[in-house]
Each structure stands twice: as structure tokens, then as C-alpha cells.
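Shared between the two complexes below is chain A, which pairs with chain B and chain C, respectively.
Presenting the complex of A and B:
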């Protein structure tokens, strides 16, 4: 048995597990819960309603005079109430379904959505040895001087890995539609597969110009480059202040637009939520699902949205980097970033993701839904060609005005 | 990679591969195929071939998805599940499998493993990087990666594809193009007949 387990790096393993637990259970899942709440409040504002504003900690149940509402804003505990409701509702399985695949489908949506987060660099690096003074005061051994990178798997194929795993998420939707053995879920599943396969093309092609500019497929290195030389869409410092980078601003903007549109289609968000459009298909592929199984689809959709936002932020908007960071002394330097700055970088990354999710929600409640043939036409006849042209344009510009 | 993980992923690949053949339900077969590809991708990644591993999932999982649609659209699942076993096909498969096994056995018998030491297989990336920097000055990113000891598998593959096999790549592209045009022509003609 010993040789089977040889060359497992235990410190690396522990650090990875801590990072996975932090990112999944302390960042993404709470964020999913609160983006559902944000969605409801935001839509309420847009439609001139109030939204969920009553939920508090129900102390009246225990004989107190008033319920506590956190921060005085009613409804901040709404996600917890929703969660409890999902867990306690009856989990009804219709008689005619294919039981095994009916149970498998929600997991197949949720798991890939969470797995894609491992390549996202959610911060620069954490120099834990800064805590050594405190630890020795308590009497514990200190950390080694090597900083811990704030990314779970520093792969050299970052965005491709995300696309590959995300493409496995289609199975969840299609199997849900098929296994439900019912008309509307079936149509929803077939629509979803057609839509996701079509938009995967423009999604993949849209980032090729970005990869050409970076000359790199590693997301962590992309973030470091953008931190030193200006974001791709905000080249205002470092090497960003060159003719080459500003000439590339147009194809990069185009790339960003195509990427965001394709991402909306991939995550099945309005205006492209053909797989679950309620005016035509009741609720689409999850019509036959109830309680926690339905909640898993819901969580999967929002987790995919968060990780899509993370990818867009990392590729185009500098990832964890602070705007004008190197100019105001908040830039990253390898091995020499203090702990507080590392934590600040993580915070900045989360703020950017939250802003992007609010953008997602804003789009959902402002644009009407496309028709399915319009959606396919847009994907195949506009987005695909535009992405191809964009690759050509970037190559031409990089040839005429070389970088550096 | 620890040997344990190798055995785990090999088991996943082979086990689900077996499921593809043995399963009665076509959906189970298709999904097992996808799982088998995932296991294979993990094996590629364990060999530092990250690009091939991810592309394995990206391309083949997508292809299996199309298989799925065929099952859903065209096949009658009940009829497929109740189908009798085809004795001739099983005998043929066993004979072919036996021939393959004999071939593998003879090849591995001729190959003396004791002469080779696996421990010597470590790559000298730094030297390769220096050589690359000296001979190909127009490719700075590859030599930079090699010099710090990272294997830039994606870039090296691109280099091989576009410099060594550029012509072959274009022939393949043309072939795919012909296929695509053929599909479009066929589907258009069907529509006119229906009208």
C-alpha cells in the first residue's frame, strides 16, 4: 500500500482541501443563496414592488415581543427560510419517470457547476508567514515563508478546463428532460442541448483573441499580467499605455460582448432561457421536480452564473487586481505581497463578481425573451461569424502593431 | 501522480467501457461512454498532457451528447432494451479480442522492461528551453516557460501542428468542410422534396 500512496504531497493536499472548502461552502454557496435574494429584491425594484421584506429571526415563536431583522433590513434571512422550505417540502417522484436518471440529473447539473471553480484565481497569494508573530505568541509553530497561491489548481489550460467541465453540465438538463417522461420537460431538454452546443462554439471562439494577446492559457498568469499592465478593457497603466494595447481595445471589447452573450445562453439565463421558458413549457426541464431536487437545479444555474462571471472578470476585467494597483502601491509582486493585500485582492475579486451578477439580474429584468429560432439564428449567423472575424482582426492588428 | 489514482482512473475507464457494451439501455451506454472518456482524460492529465486531457472531455463529451440526441429522437428505447443478443457478433468480438490480446502479449514480450528505468524519464526542461531560445528566437513564450521548468504542452502541440504538420492540418480542415457542406446540401434537398 505504501508505494501506491507515495509522492502525495500532504501539505499541498491539506492546502487544496482548505481552499476547496473555503471557495465552495463559504463563497459560492452563500453567494448563490444571496443572489437569489438579490434577484427577487432587484426585480421588485424594477417592477415597482417591495419584494421579500418580512423574514427575520422568528423570536416571537419563543415568546419574545418582536422578530429580529438583521441590520434593520427585513428579508435578509429569506435565503435560510427558502433553504428550510426546500428541505422540508415533500419530495414527490412521479410514477412514470425513469427513477435512476431522474435522481442522477440534478447531481449532474450541480457537480460540474461547482467543479469549474477550481481554476479561478480568486486572489493573488497569501503570505501566511505574516501570522508567525501572532502564532509564536500563542505558542504554535509558524507557517513556512512560501506564500500560498489563491487558486485551487493552477492549470496551464484554465479556460479550456472550465469550458470542458461546463459542457458536461448539459447532460444534467437533457437527462432531466428525458427521464421525466413528460412532454414539456422533454422539449426543454432538447432545446437546452441545441442551444448549449450552438453557443459553445462562439464562447470558445470569443476567447481566442484574448489568449492571443496574453500568449498564455494560465488564468493566474493572466491576472498577474493585467495587474501589472492594465486590464484588458482598461489599459491605463504599465504596458497598457501603448499603441498596441489601445489598438487591440476594439477586438477585445467585441470579444467581451460575444463572451457575455454566449455565457447568458450557456447558463440558460433570460433572455435566452428557452429550456425553461414558462409561457411555453410550464417550467421546462424541471417541471416534474420538487423540493431539494428542484433546488439543486436552481443552485446549479446560479453557481454556473457565478463561475461564468468569475471567468469573465478574470479574462477581461483584471481578476483580483485593483485598478491602478501598481501606481498606488496596491499591486502584486511575487513572494512579496503582504497578507492584508492578499486578502484585499480576494475581496476585490468578490466585489467584481457581485457587480457582474447584478448586471446579469439587470439584463434578466430588462430584456424580453427571444424566440427559439431567433436564438439559433443569432448564434449561428451573427455570433459565430463575428467571433471568427474577431480572431482575424486581432491577428491582423497584432501583426501590424506588435505588442512590446 | 500517486499510483493509486492511476489504478482508480484506469478502473473507471475500463469499467464504464465495459458498461457501454453490456448495458441494455442505450442511454446508459451513451452516458457510460462519456464517463469512460472522463477517466481517460484524467489519465492523459496524469501524464502532464493537460491540453489533450481537456480537449478529450470538450470534444468527445460533445460528440456523446449528439449520440444522446440520436437515442432520444430516433431510437425506440423499449425495442432496443428487449433486443435479443446477436450470437455471431459476440463470437466475432471474442475472436477479434483474442487476436488483439495475443498481439499485445507478443509485443510486450519482445519489449524488455528491465532494460528501461522509469526514474530516468524526468525531462530536462531547462536545457530544452535554452536550446529553443537559441534556435527559435521568434517563440519567446515557449522558451520562457521551459526555462522555469514548466512544460507548456499546449504551446508545444501548437508548434508541432502548425510547423511540422501544417499541410496535413489543412487537408483535415478541407475534409471537415466537405462534410459540413454535404450535410447542408442534404438537409436542404430534403426540405424541397417535402414541399
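Presenting the complex of A and C:
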């Protein structure tokens, strides 16, 4: 036992725990809460409404002229109000449900969504030894010179792990639909499972060309490659200016389109939200849920959205890398990235994710919902074939014009 | 009748594949989003008002039909003679009048009747203005008050005192009972 304990790298353990807490509780969960707010506000402006603008820190009660606003947008504490509302509502369990699975389902939606975030490289690396001057001034021991990579688990099977865990999310929906013992949730659950299984295929196949180009499955290394050699969809610097990369731009664009469409279907977002289409199925699989259990479904959906966009950003849009980074001196170099640049990379990654989520919301109000048979037809007869063809096309192009 | 054959528009390939149509849709939604965002942040003039903070009260037209109220004349006499015409015409039956006799020693004894009770149930009133239309004495008026709220049903039962309070005095109308005629 003592031998075992001695083998544990304590620094690594602490760093991992800090990163997990930082990413899940300080980044993903607040982002989930605020993407709900963004959804409501952005939907409102698209529909020429104002949206929730009342909930604020009531500074006017303490004699201030105005409540806190950013860019003249009120209601920034709406997520807190939503959270309190969810916590205070009655947690009602209908009599006819299968209680065990009824309680299990929300967890099964939320947990996989949060688990997938461990492989996302949310920044380059943090050279904490930059803080040593400050720390020794306070009288604390400094950090070691080895920079901390900004990824929780530097797995060599990143996207595979993400897909494996993310597809567990379907169980939450299916079990919720079944355990509710009510016809609308049941229909929602059945639809969701059919849809998610169908689109998982094209989702997996769509990134095979990408993996072929990168030649590996480590998401952190993919980001580093894109930082040095141009994003897959923006090959404008480094090796990106070669013929081979530009020839691959077409299959990569196709791959990106398939990936995004499949991701919309995976996360049950609007053109494909068959699982909970309000007009047909009341609220779909979570019709019978109330209070915090409903909130968990809601949060799980948004967390899946954030992780999905994080994956899309990492694979196709350079992850944390700043456009033209190496050209303007903001590129990453192993072990030699100052702390401020590491933090800037994290910021850039978050900005890209936010932009992607806004795109999600914009699509929601742009495209009408597909009919279920159209959805299945699109998935099996267009997306699947297109993804297969794309693999072939990429292979052909890589054979004709080999990458360096 | 001639039959018109409307030809189904033939979609170009980029339209049936959602390419150009998708871009068009994004343009429309983004356009609306930007326009409304600029309006909210005050960079552009707003079309709408935010109700409780901003009100349109100053622009209410003369003929605006708000809450009905009773009025008195210039000598503070109740104009209502409790003829009950408004009670009978009221479509939702919101008005309820109990007529009362004016005692003979009253200076206005010649008017003979005044309402003993006059209740308007504001949970029923539909602000149609028929009571105002039908009143031969011009005693009932639809005022401009539109935000009639209360915490109980009883609060929304406007009795005589309340009606005179919101109605107030109106001068220069029919003068058939006083010396000014």
C-alpha cells in the first residue's frame, strides 16, 4: 500500500483536480447557465423582442442610479434567478413512473455531457513558474519550471473517448422516456434514440478524414499542429500554404459541414429536435419532469452543446490557437509560452466556443424542424454516404498530393 | 369560372440543397437580431416601449375608453338619476344600481331620484362604452384609467364612492336641472 501511494504523482493529482474544478465548475457550468440566458436573449432579438431584461443586481435599492448593465443589456443575473427557481420548485414524482429509472435518467444525461470535457484542450499550457517572482515575494515556494498543459486528460484517443462517452447521453433520454410511463415522453425517447444512433455514424465517419490529415488522435497535439500550420479550414500560414493542404480544404469543409449537422442531431437542437418538439410531443422526453430534474436535462443538453462546439472548434477551427498566431508572435512554442499567452489562448478558445453557440442559436431560429422521416432519410441516405465518400476523397487527395 | 394553373416554382439545385436558401435565412435572422440589438442598446430608435417604465398616457386620444366612472356637475350634484338604462344595456351585466329617492327637503328634490348604490364590477366590465352612450344625463364616463388592478375581487368592485372619486367633476354638459339652462 505504501509503495502504491509513493508511486502517485502528487503534483499531477493536484493539478488535475484544480483543472477539473476550474473547467467544470468555473467554466462549463457557468457557460451552460449563461448559454441558456444567451439563448433566450438572442432568440428574443431575432424575433424583434426584448427578452429577459429585468433580473439585475438591484443597485437601485441601495441608492444607485442604475443597475449593472453591459452594453445596455439588462438582466445579466437571469441565470441565478433561473437556478433559484429550479431549486425552489416542487420536485414532483408522478405516481405511475418507475422511480429508480426516473431518478437515474437526469443524471445519465448530465454526467456524460460533463465527462467529455476532460479531453478538450482548452488552452496551450500555463507556465506557472512565471509567478515565482510574485510568490517568493509573498514568501511561498515557487512552481516548478515544467509548464502545466491546459487539458485535464491528455489522452491519445481524444475524439474516440468523446464519442464513446457522448453516446451514453442517449441512455438518459431513452430511460427518461420509458420511465415516465406516459406516451409523449415515450415517443420522444424513441425518436431520440433512433435519431442519435443514426447520426452517430456520420458523426464518427465525418472526422475520419480529419484524423487522416493529422495522423493522430490526440486533441492537444492537433491544436498545436493547427497553431503552427494553419487551421484546417483556414490554412493561411506555416505548412498550410502548401498545395496539399489547400487541396484538402474541400474534403475538410465537407467534413466540417457533416460534423456540424450530425452534432446538431446529436444534441437534439432545433432543425433536428424530434425528441422534444413542442408542437407535437408537449416537451418530449422530459414532459413528466419538474424542478431540478428538469433543469438537469436542460443543463445536460446545453453542456453537450458546449462540448460539441468545443470539439468542432478543436478539430476544424484551431482550438485555442490565435489566427495567424505564429506570424504575429502569439504562437505556441513548447515550454516557452509565457503565462499571459497561455491565458490568452484559454480566452480565445472560450470566445470561439461562444461564437459557435451563438451560431447554434441562430440556426435554431433560421431553419424549420425536419419531419421525422426526412430526418432519417437525410441521416442514412445523404449524410452517411457523403461521409463515406469524403473519406475516399481525402484518401485519394492525400495519395495524389502527399502532405509533408 | 376559369381555372388558373399555378406553376410550382422550379427550385435551382442550390435552393433544393438548402445552400442559397440557408444563407438567405441566416441573413434574415441575423438582420433582425442586429436591428433589435441596436434598438435595445439605444444605438437606434426604438419602435416599442417598455411598458411599466415608459407609458403612452400622454398620447391617449380623447375618445380612449378606460374605466367607467360617475361624475358630478358644477354644483356637486350627482348627475346620475338612477334611470338604470346603463344597467340594462351593459352587455356583460357589470353595472348594478339600487335607486334611491331624494327626500323632499333636499334642494335637488325635483330630480327625484339618485342612486343609493352604484356598483361596477371591473372583473366583468369590457370597456365597451355603451353605458356612456346610453346615459341621458351624461353622468357616466369612460375615463382614461386603464390599469385597473387589485389583489382581490372585492377590490375590483367599484362602488359609488370609488366611482365618484375616479370620475370627479365634469362641467358644461347638460344643464336641465340647474339654473344655467
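Here is the rule we go by: the second predicted complex is superposed on the first by the 384 of 404 C-alpha atoms of A that agree within 3 Å, B and C clash if a C-alpha of one lies under 4 Å from a C-alpha of the other, contacts with A are read in each partner's own complex, and residues count from 1 in each chain.
By our rule, a residue touches a chain if its C-beta (ideal position, glycine included) is under 8 Å from a C-beta of that chain, and two chains touch if they have at least 3 such contacts.
Because the structure is a prediction, the values reported are computed rather than measured.
*Asks:* Touching A:367, do we find chain B (first), chain C (second), both, or neither?
*Replies:* A:367 contacts chain C only, not chain B.
*Asks:* Which chain makes contact with more of the residues of chain A, chain B or else chain C?
*Replies:* Looking at chain A, the partner in contact with more of its residues is B.
*Asks:* Just to be sure I read the superposition right, which of the two partners does A:130 touch: chain B = first, chain C = second, or both, or neither?
*Replies:* A:130: touches no partner chain.
*Asks:* When the two structures are overlaid on chain A, which partner does A:47 contact: first (chain B), second (chain C), both, or neither?
*Replies:* Second partner only.
*Asks:* Pick one for A:190: touches chain B only (first), chain C only (second), both, or neither.
*Replies:* First partner only, chain B.
*Asks:* After overlaying the two complexes on chain A, where does the chain B footprint on chain A coincide with the chain C footprint?
*Replies:* none
*Asks:* Within their complex, state which residues of chain B touch chain A.
*Replies:* Answer in residue numbers: 1-4, 7, 27, 31, 34, 38, 41, 50-51, 54-55, 57-58, 61-62, 65-66, 68-69, 72-73, 141, 150, 152-154.
*Asks:* What does chain C use to touch chain A in their complex?
*Replies:* So the residues of chain C in touch with chain A come to 22, 25-26, 28-30, 32-37, 40-42, 48, 50.
*Asks:* Over in the complex, which chain A residues touch chain C? Could you list them?
*Replies:* It is residues 42, 44-50, 53, 71-73, 362-363, 365-367 of chain A that touch chain C.
*Asks:* Which of the residues in chain A come into contact with chain B in the complex?
*Replies:* For this pair, the touching residues of chain A are 3-8, 101, 155-157, 160-161, 163-165, 167-168, 170-171, 174-175, 178, 186, 189-190, 193, 197, 200, 215-217.
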